[in-house]
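Letters are used for the chains, namely A, B and C, taken in the order the chains are written, and counting of residues starts over at 1 for each.
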């Protein structure tokens, strides 16, 4: 607890981000979704979605529950198909390459894209440190030597603003941590393998306000290095952390725009109805 | 992160899927193999004796004539006797544990009852030979014939040898009790709260609630437990072999020695004199297999139906 | 009516108390060091033991575990990972059926399949028969334990780029391991006392043997043959054997109950 926190910029709210968002349109996309449909059995959970995720920016996906926002997120790293009967039509380009091409191994896709879920998912049988470097144990990767892994663990824990809290108990079980710490541990775990894209599926849904704030600060700090896609049911959160926001309704991608514009002057009346609280 | 290709083999996944599927498939394969092997071995006897194998009481290894009726009869009678004794006790224990017992008593009593199922069959048999059978011969049987004057009734006639159908039924009752009781306990606990509260709200006493609302709701599950117990009793071997007396005769008296299919196999298999004798014993095994299969399927179906209802 | 249920509870636990008390009394009086170290002796000679039977039981449990554990755990993994599949429900049902089969039927099956063709009783055949009995016990318990592992853990591992097999083995199975160890011990406790499947497979042996290809004794077999013998000193040995067997079964069961949640056990919730 003696070490000062890594120089964190003052946490700002999204209203201050207008300049950054304006630049968004010029940024190249790292992930592009083209005419994507996602199904559970016969049900079409995502309909004909097309959108780009600009590199280094934070994109929020909002919408009422059941609108397909998590499903859309899960198509980006081929997690959708791990559910029985689930399937996908259309294209998702990762750095220009379609990840749904037949020859692509989903494992390779998932290694390149980090993901954090609604509830913290530390591996209960592993220590804190082993959790952070768990991504290196995935097959096929020529894992860095142990000593280097420890350095990476420290780097990732610092990045996730957790290092100071756990530096003295790296070999203890991860289940001993609080919910908020566990979630930041999961973010550290996702960051350890240096993915260029990080998917967050309602990462603060099970956290208290204080932990939520920490996670939001973290997301804010990651911009620039990592492309973040965050699904949230909390519009304020989307407004606080994202550069761009996508609004979904009943499986349809209604509107994608720079966050400040979407929340101030939405172009679709359904978006306006949602952000002014008329449904959802 | 080096931007190498996204391609890669999932050989490990294929091996893993193949291995777990193969292990899972081994269960049905094992059952089929078991059925086929037993049937092949039983075939000569079944072919030679047809239905008389099930109906005849003549079991003569020297003449090579085999009828398993006494063993089939003994299997059924000893098991039914066991259920008649064990069911009320087991259901009573289950009701006590799930409805009346103070919380501190539940765990220990449930543990003790479950412990009954942990005692090896051969240990029950040992106890049967040296405690139960002498007790029956010297105390219980004389009491029934002399004091209760029931010696002339068909059920209790004949000399008191000790090893008998009664001994087998009693020892089986102790052995199946934990099975019936644990299923019953589970079923009782699955009865929805609303069911109980509705009865209590009508002014029923605790006992009236159990009789009127809980037991009817749980009855088919309890029946499933009883039939599961029956499945155990039908196939139980060692303890029964050690106390039933091993005689190829059908007698109406519970005091008379008898045979069960399992004890017949256990007793004669290693000293089978010829191929037909061996095949006849295999045929007994086949009949036992068919009987327990049918009983178990019935029980699973009943328990499954209740479990589904409860959810 | 409440009284009736109390009486039922008393009646149900009474035999257990009687049996345990008698076992302690009869068994302890003929239990001594020689029982564990000596071989069976002919009638009339004192100081016989069951060293060979204990060795046999250990070997039989070993063979049974080598068969029952991998097959059972593998099948359990399959069932847990294919919950809705038709084949899985067939396997689930048939594994319950296998569990309900009389052990004597498993015994004659093993004889017909393993002993008859080679005309040789063997420890191997006995162990396999016990292993077959273990499979359904381990299968269903493994499935149950794996179902207790939150799906979120599996998802998290997959999202990290773990292949399915590595996810299943190093994350899911590893998390469920304490429960599976418990189940394995319970299964071992259950088969350790089995006699019927061994009568025509392991067969029994009065002599010391550590060969898997030859007949071998086991505690329950030895207890059985001593119990039905006409000699008092053998009866005493049978009681001692029964006490040892029951102690073995109970110790395994108790260990199973208290299996430590290993360093980072399944305390996750």
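Note that a contact is a pair of C-beta atoms (placed from the backbone, for glycine too) under 8 Å apart; a residue touches a chain by one contact, two chains touch by 3 or more.
All of these numbers come straight from a predicted model, not from anything done at the bench.
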| item | value |
| --- | --- |
| Chain pair with the most C-beta contacts | B-C |
| Chain whose Cα mean lies nearest the overall Cα mean | C |
| Between subunit C and subunit A, distance of the C-alpha-averaged centres to the nearest whole Å | 48 |
| Computed distance of Cα centres, subunit B from subunit A, in Å | 56 |
| Separation of mean Cα positions, subunit C and subunit B [Å, integer] | 19 |
| Residue list for subunit B, restricted to those that touch at least two other chains | 10, 12 |
| Residue list for subunit A, restricted to those that touch at least two other chains | 107-108, 112, 139, 193 |
| Two or more partner chains touched - positions in subunit C | 163, 166 |
| Sites on subunit B touched by subunit C in the complex | 10, 12-13, 15-17, 19-28, 30-31, 33-34, 37-38, 40-41, 88-93, 95-97, 99-101, 109, 112-113, 115-116, 118-127, 129-131, 174, 177, 181, 206-207, 228, 231-232, 234-238, 242, 262, 265-266, 269-270, 281-282, 285, 288-289, 292-293, 296-297, 299-300 |
| Touch list for subunit A against partner subunit C, complex | 77, 79, 82, 84, 107-108, 110-112, 114-115, 117, 119, 121-127, 134-135, 137-139, 141, 173-175, 186, 189-190, 193, 199 |
| Touching residues on subunit C, where the partner in the complex is subunit A | 84, 150, 152-153, 155-163, 166, 170-171, 174-175, 177, 262-268 |
| Touching residues (chain side subunit C, partner subunit B) in the complex | 1-2, 4-9, 11-13, 15-16, 18-19, 22-23, 26, 70-75, 77-79, 81, 87-88, 90-91, 93-98, 100-109, 111-113, 132, 135-136, 139, 163-166, 168-169, 189-190, 192-196, 199-200, 203, 220, 223-224, 227-228, 235, 238-239, 242, 245-246, 249-250, 253 |
